[in-house]
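One chain, subunit A, appears in both complexes that follow, with subunit B as partner in the first and subunit C in the second.
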Partner chain A sequence: MKSKRPLPVLWILVIVGLAVLPFVTPGTYVIGVMCFVAFYATLACGMAVLLEQAGLFSLAAPTFFGLGAYVAGILAAREILPPWAGIIVAAVVVAAIAYVIGAPLLRLRGYYLACATFGLLFIVEIALAQSGEITGGHDGLIGIPPLSVFGFTLRGDLHYYFVSWGFCLGCLWFFFNLMSSRVGRAVRALHDSEIAASTVSINVARCKLHVFVLTAVMASVAGSLYCFYLQFTTPSMFGFPLLVELFTMIVIGGATTLYGPVLGAVVLIWLREAIHVYLKGILPKLTAEVDAVFFGVLIVAILIFMPEGLAGGLDRLAHFGRRLLGKSA
Partner chain B sequence: MTLLSETVQYAISGITAGSIYAVIGICWSAVYLITKVLNFTTGEFVMLGGMLTWAFHSMGFGLLPSVLFAVTCTIAISMLLERLVIRPIRFPTEMTYMMLTIASASVIKGLVLLQWGSESRRIEPFFGTAVIHVLGAGVTPQVLCVVAMMALITLGLHLFLNHTLFGTALRASAINQTGAKLVGIDIGRFRLFCFGLAGGLGAVTGIVTAPITFTGYEIGLLTGLKGLVAAIAGGWSMTGTVAAALALGLLEGFGAGFVSSGLKDVFALLVMILFLILQTISLPGMRRR
Partner chain C sequence: MASQPDSVLLDVQNLSRSFAGIHALNVVSFSVEPGRITSVIGPNGAGKSTLINVITGVYTPDSGGISFAGKNIAALPAHVVASKGIARTFQLEELFSSMTVIENAMTGCHGKSRSGMLACGFALPSARREEKRIHDEAMECLTMVGLEEKASEPISRLPLGERKLVGIARALCMKPSFLMLDEPAGGLAGHEVERLVGLIHSLLEQGLTILLVEHNMPFVMSLSEKIVVLDAGVKIAEGPPETVKNDERVIKAYLGQEL
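For the complex of A and B:
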């Protein structure tokens, strides 16, 4: 289990690189795609913390993402609350839902927790599609205004690029700090053995619930930002295909490190763009289900040939390099 | 329609659905008990059975040969899945197994979508379209065929598991793998067999239901999940699964009839979550496990 803090140099490099990116790439295409990367990276990161660090096999991330998007979207589209307040209300509502659902569900282990949250994914998707008057049903929720904070309205991909990446890196930084704190060590102890954790007076149930609610809130905020970015949501955006994509990101990046899923998100979204650009002529309809074929093959191949993912490979490379340098010096 | 005939009609559709879930539930538990893999491709085998039969049939083969081809193909795919995807994994955990089978399911689904498109497909009913009237409700021969298939499969499996050497060995390896290995049972072959069995049974289910509910690339996931609900609620045993599946089917039939047909799928999933939660609660006086 590695949660060493990466060098501050690395952080600065990444932040500078991301900040410069919009000004060196022509047009808004790259920026638009990178916005998606940021949203998905945040979501994958939270899910990976649950799966790998805490050992909670929860598949509820797309559900909370969708709920966050829908609550904020509905409040803003019906002009009940301004968008920024909608994000906060959505986060509070999702936190409450996660708390109420999590308390009984997190007693389940392994497969059973996965099955229950998998069921939840479908229940929420069907319920959103069926309650047409409130959510717009299958056709989706339209008329969501752009995000505006204190008179400043975010317009265009560039604004959302900075907001989404700011949020994503903020979450990542938070997780890095959390995981090396007392709470984080307790969470990692859960992954290894719950019984052992409880003997050193870690309140297992409360600890699990807190991590669960925390990642749910992050997913919710990411979802709210996502809906203001697209100004449109449909129930099918938060269903099974999203789950497969998240799995792919986590598997590509490697879940043992915190930054792995972010890496996975970058690779996956650009891969999807490449598929859409280059295979448009060959394949007639490129829906999320068709993308899932490529991602499915990728998951299987990586789990068989490279089970630690990209981040695991990079870590090994860094370790190798350090040893090489240390010997020569 | 009177209330009585309506009720009978819902009960009939419930029992039909229940029979389907029972067989699918048996597919889940056959694989789970021997390999500890929760095989999310089970639902896709159901879909493959129906779609392959339709495809062979529309290529000009007769109904019986296309059914045989479809079942053989699905069994082969299922066994290949075990050999090429499940077995080579280096660090098998519940999480990797689940990711693998979910990934395989989405690959199968996507390929079927690419090959045969997103339209619903229909196979002609096997024994005509005559309707038998019972208490004012209509029963088609196809419905009887589904229920009969379920009864035959469960009876056959029961005899196989309890009265043959192979079946007894299979039960032994489900109970204790190490013990089974010690008395010379080849677990590797049984894993392959169980995947084949699940593929075959799934395909047969998909074929007999295709004339009633139609088939299409997207039906696999939810149908499969309901089989899982039955298997979990039935405690992974065959009698339990069949009982749970019939109860689930009836609940769904009445729920769709009297409450809302749009929310039909939600009932089953809610039952699963409630059931899972109830299992974790130990009331005073309950001394199980």
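For the complex of A and C:
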């Protein structure tokens, strides 16, 4: 039920909408914001798969995002590898790290896994900040070249808009396929009953590890693309605030559907933009505070009135609509 | 007959398992002959469910041996035991509550399918073909238990009796040679029990070996060829229904009344 494919019509509408967007909006502002939306949406989507589908309370998404950004960024900035090769090397490195730390960490359940991955978040952020000679420390890594593939260099928001959304929708499509397959059923079985899963031949430990590594690699590639887009990274970009951001997206969008977190990312980032533009005029000094209060209230409201998020609400609406149509027909 | 190795499918030898000092199983030995139905009965807390959990590898035994088809399976992880052709149902269902009826059955096919994460994620033709095969097999098993019309219902919408049947369908999808049913008749209405008896008979005809753990006495007595009686983790009797029914220790420990 949860992993039911959305109608192909819906896919086409979204893709056409996204493809047309740059040409109907003036300037690069909208496209620039949409790049961030795509990166965050990819991350939130992978994190929601772990949380909601596999029942793994992992908070490691920002960590793998950051590692992917730094590994690819360092390799490219020091001209060790071309950017595109850096993305692949970063993905392999992050996969190896996720594999090695996942094997012991995923034996932990529920909140204990959350605590351990939360610790990892701080360890990596501090390590990146303290190894200044390699990473540039607190000041950040500079001198990252733009992404170039086969002599074609991606410059400007428009190019990265297409790459980031292409990757985001690709990941979403991958998850839709995966979750309605035997591997996806095994992942969802973990969430419902590990004992029953193991008695139908599902290797629980291996299945957890595989889905953990999969989302880590996706986060890593998103991170690498992110660093080439910004051409600059700092350790604090991959810390606690990003984690809170991702959680907010997941809560707003709803984790029971795969596209919920993507919806959450779109809504959260655009609401914030709107608030900032609006507040700059009337309360220039209190923007950050009002922002925090607004999103606090929004989360509480969503949890009360739409516990399954916007996507869950839409699903119910669609169901209701279909029943109405069915009755009248 | 039972002592000949080729006529024993499951051989449990001196099996013990305790939890915090309580002997849930205390040196229990018995055997299951292939193609037959063997029942395990006993009062609450006798260790019946623990027995199934130890055989399937959900718990590891403290001591003792379990051999299945001549191979030692004691202390193997549960997913390895399952891959040897041992399927089970649960007393408390343990179905995958977020899935539909057919998806639950399809998880049973996991061990006999191979598509990896990338093949599935990219929807490669090989993965799609396998998915179709899994779907068809699951549908067959649902038809066997008579739930083919409820295939796309979410589990939560099914009444208890049908949920128990989904558990059996999921186990049958594993194509097992040995099926353990943990209180399949518990909580079922009379006509549902009759349907279950019919199903068990047809499974036996297909050559399946069955171990039945049950409370419902008339159900056990009518079905079983051999009954093992547990009380407080100890085996107190073993034999055909007629012998067990008249065993004094059984009457005293478990029944407390004439049957």
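General remarks:
Criterion: the second predicted complex is superposed on the first by the 311 of 329 C-alpha atoms of A that agree within 3 Å, B and C clash if a C-alpha of one lies under 4 Å from a C-alpha of the other, contacts with A are read in each partner's own complex, and residues count from 1 in each chain.
The rule is simple: contacts are C-beta pairs under 8 Å (C-beta built on N, C-alpha and C of every residue); 3 or more make two chains touch, one makes a residue touch a chain.
From a predicted model like this one, the values you see are computed outputs, not experimental measurements.
By the touch criterion defined above, A:F240 lies against subunit B but remains apart from subunit C after alignment on the C-alpha atoms of chain A.
Contacts of A:G110 after superposition: subunit B is touched, whereas subunit C is not reached. Of the two partner chains placed around the shared chain by superposition, subunit C is the only one that A:I202 touches, whereas subunit B remains out of contact. Between subunit B and subunit C, the partner in contact with more residues of subunit A is B. In the superposition on chain A, contact is made by A:E289 with subunit B only, not with subunit C. Once the two complexes are overlaid on the shared chain, A:R185 sits against subunit C while remaining clear of subunit B. Contacts of A:V20 after superposition on the shared chain: neither subunit B nor subunit C is touched.
Once the two complexes are overlaid on the shared chain, A:L10 sits clear of subunit B and of subunit C alike. Of the two partner chains placed by the overlay, only subunit B lies in contact with A:V300; subunit C stays clear of it. Of all the residues in subunit B, the ones that touch subunit A in their complex are 38, 85, 88-91, 94-96, 98-100, 102-107, 109-111, 113-114, 118, 217-218, 221-222, 225, 228-229, 232, 260, 262-263, 265-266, 269-270, 272-273, 276-277, 279-280. Residues of subunit A touching subunit C in their complex: 1-2, 174-175, 177-178, 181-186, 188-189, 191-193, 195-204, 210-211, 214.
The touching residues of subunit C, when paired with subunit A in their complex, are 56-58, 77-79, 81-83, 87-88, 90, 94-100, 103, 106-113, 115-117, 120-123, 127, 130-131, 134, 154, 170-171, 173-174.
On the side of subunit A, the complex with subunit B involves touching residues 51, 57, 104-105, 107-108, 110-112, 114-116, 118-120, 122-123, 126-127, 130, 240-241, 243-244, 247-248, 251, 283, 285, 287, 289-293, 295-297, 299-300, 303-304, 307.
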